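Note that subunit A is present in both complexes that follow, paired respectively with subunit B and with subunit C.
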Partner chain A sequence: MNNSEGMFVPMRKWRAALLLLFLCSQTFFLTGCWNRIEINDLAIITAAGFDLTQDEKVEITVNLFLTHTQGNVDMMGGSSGPGGSTPQSLVQSASGINLADALSKLQQILSRNIFWGQNEVFIFGETLARRELIEPMDFLTRHPAPRERANVFVSKGSAKEVLKLQPPVERNLAEVLRELAKTQTGLNITVKELAQMMAGKASAAVIPLVEIKKQEKIKIPIIKGTAIVKNGRMIGRMDDVATRGVLWLRNEIKKATVTVTPEDKEGYVSFELLKSHTELTPHIEGNEWSITAKIDTLDDIVENTTSINLLDTEQTKRLEEKLADDLVNRVNLALTRAQKEMKADIFNFADVFYRKYPKEWNQVKDRWDEIYPQVKVKVEAHPNITRPGLTGKNFLKRN
Partner chain B sequence: MVDRRKGWHRLTRSNRQKSSNANPANMPSFDQTPLAKSLAENLQMLQSLYADCADVVFHDFLIGEQTKAVLIYTDGLTNVEEVDQHVLAPLQQSLELQHTIPNIRNMISVLSIKLMRTIGDAVTEISNGNPVLLVDQESQGLSFGLSKWQKRSIEEPTAESVVRGPREGFIETLATNTSLLRQKIKGPHLKIKSMRIGRYSNTPVAVAYMDGIADPALIEEVMNRLQRIQIDGVLSDAAIEELIEDNPFSPFPQLLSTERPDVACGYLLEGHVVILVDGTPSALIAPVTFFSLLQSPDDYTDRYFIGTATRWLRYLFLFVSLLGPSLYVAVVSFHQEMLPTTLLLTLARSREQVPFPALVEALLMETMFEALREAGARLPKQIGSAVSIVGALVIGQAAISAGIASAPMVMVVAITGIASFMAPRFTAGIAVRLLRFPMMFLASFLGLLGVILGVTVILTHLLTLRSFGVPYMEPLAPLQVRGLKDVLIRAPRWALRTRPHLTGEWNKYREAPGQRPSPEKGDEGE
Partner chain C sequence: MIERGKISAGQMAIMLYLAITPTAILTVPSISFQYARQDFWISPLWAGTAIATVFVALRLHRMYPGLNLLQVSERVLGRLSGKLIGFIILFMYLYLDALVIREYGDFVVGAFLRQTPLIVVSGCMVLVSALAVRGGVEIVARFGQLFLPAFLVFFLFIILPIIPDLNVTFMLPVMAEGIMPSISGSGILQVWYSEFITISFLLPFVADRRKAAKSCTFAILAVILTLVISNLTTLLLLGELTDKYNYPFLVVARYISVADFFAHLESLFMAIWVLGVFVKICVFYYVTVLGTAQWLNLPDYRTIVFPIGFMITFFSMWMAPGYQELIFAIETTVTYYQLTAFVVIPVILFCIASIRKQVSGVR
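Moving on to the complex of A and B:
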């Protein structure tokens, strides 16, 4: 008997442990994996656009990735490559009183779950942008699913038209727009940056403009110019050339090719930007507010059709001066458009002043709209030609 | 049932009493019976023990045509020609009158002669194949080391092949195995203790260690654990391993089994204890750490850069083999936003035809893979390759084109499979391979959170695990900075000056300082 007692106590313990383990394992099934979604049930959105409809409603248009294209059945063989004749994406839209409402309407017509996780492009139609951006931006920043790092664009015309384009080179439209923005010849603005600019002291923002370009039979999207946003609305556009000036002043320029004509010579000299840095220095003297913009750039010469000998430092000095003039002109063009005409502080002078003169700025922060157009901007460009290229003088040209 | 258990208990009790004596072997009760003066009595005892044992031969003869004697040997285990020539012949032709044991001992030209006092001694000697001589009117017997049995020749170990280094492996014979150790470590510091385990099998077991390097407490612990074992037979070292390990419920091996004498000697010199079991072509090494299961002899024969790189690759693929499918399942069913867009689109496209959830798909393919591996392992080599062709080519490809599994899944499974084969110790690889399945479930229930939970549980288990008192994750946890040079990297030989902590603290240095080869300094000027 003694022996049997010794045997059964651990047995009971074992049973209890096993039961506990079994009960614990049941909790896994209770969860029901509520947020587990198979890829097969996802409607993967690659790009989304927002428009204003005729009856003042918000229309949401999404570019869905089509997972089942023809020719995909046999995956062992060559699967249908991108750019095949079959469309890779599907455009769907729905409208509602605001974005959340429109989105729920959109979900109603889609058999799969709308998945924002891979959406990298948001396009605002110009009409919507001109009415207000605050409502859609609240949705994009508040809703947890859309990505803050997605790129934002404003389309000339409706966003839907842009989303309908079938790009010939890339796999989908979002890819095209993202790569275009990334090349840094134009602006590259994400949802987060836009929200920061709109909520910042200047309450002005810039968004790249997308335009549809027709080349022979193919329609492609291009980034052309900038939409200027002030107080939550788009108030105007800037063309390509002025946009370059904006980039220089915002210290966002990464790639640029500048071509100048020397005064006393025939032909052109082209520079390629290696590195650039723009520094804004604010001054307040009495009532006069001014800013010095100092642009330091390093450039290479990539083409020279003049007879100038580029190995001669005297000559390159003069070229540098010429280049400086060109840069100042570009920047001034952008400044005039933004500061004098649209009165939108897209260069964020407000922050620059606030950082150095917080007291003074606080006194005038309600009147910033009046002061901003009066701010005197002195642009100084200091180009530095580092390399004349592989050849010195143009040796094909006889003079 | 009850009776048998009682009998067993009686046995264990009697053995416990005995284990306090010098001889710990678990012999049945005749063990300590002293040999009687009368030959007939002894013979009767032995013949009743060896009744119905056709292979045990009792050969009676007269020494010098007057004293009765019996020679007992096991047929097939004894070198009969030698017995004839060196035992029988001199005894029968003996001219001496006094046939006492010391006299007989002097007559016989055999090197290994042992004196026996009990029936138990005689039984042991007979079992080992040593012929036993019992003489009338003597309460002692003699045994001669003239055993000779079939054994395999020393071959290259099949499960642990190396590119460079010794090619010999342990075989099934204990004496050969201990001799292989002695061949490599020639000094008297190599100690080999022997014992017998198994109520019926009486399997010889040897415990080897380096005197002055190994911790005496460790040796004692190993001996104690071995002496605790009371089973009927030991047919492989796996039985010993399961009976002496620290945590019997862990999937991770706490003793390392190696087929290579050079590996065993390497561990001996680091202060580990090596357990050799007769009948098993491998040695058990204790204690081990998790990292020693991930080391291969080639790490030390390759250049140390390459050794380090291979080690890192192995660590990386250890994670792959544990987490590969579960990470895939987690990302595909919970965190689709984590993938680069292009990758997700490709995945989505290839998964479009698959009718199952990611978990089912993963389980299906993983189980299939395990089945293939098992089938391949059990089949003869010639057919094994056919299995792999059918498995890999036919099933893998067909599953994709039939739309049962997606191509990325098959790839994940294949990579995981290769990763699990990368563990140099099969037992470590198989532990990780098993843990992959619960991880997959966790991943599909809770996503990456589940994966992290699973990893935490495994890590906690590994951190609490000990092998003969040595923490399993040593030297990483508890951190021993000195030990890291042979774990995180494979430092060059001249930098491996110290032995691993805890197994060699009292004989810390294994190299004299300044072993790094360099030109002699100060010679140029003279």
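Moving on to the complex of A and C:
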């Protein structure tokens, strides 16, 4: 008995030791070295642009973030910075029959794996946008790598030209465009929002337009105006002024400075917007569909070159009326362009009607294109001037 | 009895909660939205099946204390037909577990580990679950207890930062076409709710049986609340895009961006998903193994843990050739099979059992 137990104990020890050894050896499989992707194996894309080439192909242009700081960038081709300093990004492009194809062609010329995780900006060239947006948008929503929060833009001219710019202030171009969109003086549209608008009841969308501006020698991108999308393709542009109206009506305005000239006075009064809220109320009476847009704003006065005493409530009231007129005009300008000329429901009136009149909407949803241009829109603006600023009357001016 | 472990009623509730919510968050919104549109956040409230299955399981257990659904069916219907019914239910559990593994694998491979073979992802999960199941019901319950706080914290980490991006108008008009759309949207959810029948297999091990009914009610309410919150968040972020994405809640996690650096949270979502699904797989795996051992009159269930694990892995591979077929199967056959095995059969058993009791009581 003693003997058998004596045999048994070392056996168990051996087995335990072997098992431990086996388990320890398994840790080598857990290091992740098998499928490792180091940062210098990645081509980190910060912005991507899509264009239509002359032979009807889709060209993809990407702005790569360079992970090395020194290095001979000129040797890698691509862009040259205007300032002479080493650029931190590199532009590459490739074309194919569609986006996925173009992307695979792009991968062929890159020594590193394309990595979408940090991509913040997509730019569609205007020719491609006018042709169709459905195909690229399908790729951007289907492929798991591009992010839904990335901003989208349409560029006047080719997207490639915009991506080639070397911004003087920010680190890279994506940063510039994203910050520009975020300030909300123009539109700020993400991939998700664009997909939402395109798939929504109105089937119309707005995308901010990017334009290249030359200031002396430096070329910078600016957001100016809006591309109007209907049924999956861009059908027109709106200029800067009309875009402001679009923003007011879509309740997306955050920053604005409005300057008006009071009647029978010389000079200008400028207001800075503090807060604004736009409410759309639909009505259906018989066959007549109408919408009341009520805009409530809160403004401060920031400049006054007239002789008006701004502490005078009577005068303030008249200024408010003047400001209201100005707002209504801006909004009407946008409305006429979108509703009467382009017939694109970019203000999403379709949803506004559906929310209040779901039954009526369901009856006409196939004919919405005919009804939309006929919808009567009444714009009411109620500005509220709260403060005259730090001074009352312009005390530098003598009458 | 071949299982000597004991769990508390609270542990049972946690197991049920984690067995139902994780997959429901992932796949239900997309299907539910197609029927209920902007009312689909109301759909989880129509939890008829959950209440019915819990009621039946509790009553059956009161009539036959210490016995689970399989044993009850043998008592009620006699040996042969009882075994047959038992086989149908057991096979459903086997199939369901394989289905969950497959959904898990497809999601992880499709959205994150695109280069990894499906069998590696599923196989690893089954292996880990097998080790837990071998430990018995107590170990599975402890895992549930361990993972629940992490699950809830991660869930809130996704819900709270996305609040600034939500648009309340997307939920309007509420119940525009009456109550019907939200009810038809809850149809697919009944499949998940029917999984509450699993308590029948856990009740025999519950130490404090008096609290069982209360814990089950609590579990149902927690599931409903979680689904309403996740559905509402998805709806308010995506609006009409909800059913366009296969995994809408993943998009919610990806969309988060607070102060420019608190972003890219899909890894968090993946963590939730892996933790929750692990418990889910363990619970169903355990029921399959235990039930099979009882069905074959084996002295111990531990011996068949790995063989059944192999079966589950291969079932999950054979189930469907691709994601599309998988979704098609879930929307058609699986739904009816599962509702039959988990709802219709137990309810019929319950009716027969109560008639028998009354007849014998009169005698």
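The working rule: the second predicted complex is superposed on the first by the 355 of 399 C-alpha atoms of A that agree within 3 Å, B and C clash if a C-alpha of one lies under 4 Å from a C-alpha of the other, contacts with A are read in each partner's own complex, and residues count from 1 in each chain.
Operating definition for what follows: a contact is a pair of C-beta atoms (placed from the backbone, for glycine too) under 8 Å apart; a residue touches a chain by one contact, two chains touch by 3 or more.
Because the structure is a prediction, the values reported are computed rather than measured.
Of the two partner chains, subunit C is the only one touched by A:355; subunit B is not. In the superposed model, A:192 makes contact with subunit C only, not with subunit B.
In the superposition on chain A, contact of A:149 is made with subunit C only, not with subunit B.
Within the superposed three-chain model, A:38 lies in touch with subunit B and out of touch with subunit C [touch as defined at top].
Touched residues of subunit A, counted separately for subunit B and subunit C, are more numerous for B. Touch criterion met: A:171 reaches subunit B, while subunit C stays clear of it. By the touch criterion stated above, A:115 is placed in contact with subunit B alone, subunit C being left untouched. Residues 35, 117, 147 of subunit A are contacted both by subunit B in one complex and by subunit C in the other.
The touching residues of subunit A, when paired with subunit B in their complex, are 28, 31, 33, 35-40, 42, 44, 46, 65, 67-69, 72-76, 79, 115-118, 120, 147, 171, 174-175. Taken in their complex, subunit B has these residues touching subunit A: 332-334, 336-339, 341-342, 344-345, 347-354, 357-358, 397, 400-401, 407, 441, 444-447. Considering their complex, residues 35, 117, 141, 144, 147-149, 192, 195-196, 199-201, 351, 354-356, 358-359 of subunit A touch subunit C.
Against subunit A, in their complex, subunit C makes its touches with residues 110-112, 114-116, 169, 172-173, 176-177, 237-241, 244-245, 251, 254-255, 257, 263-264.
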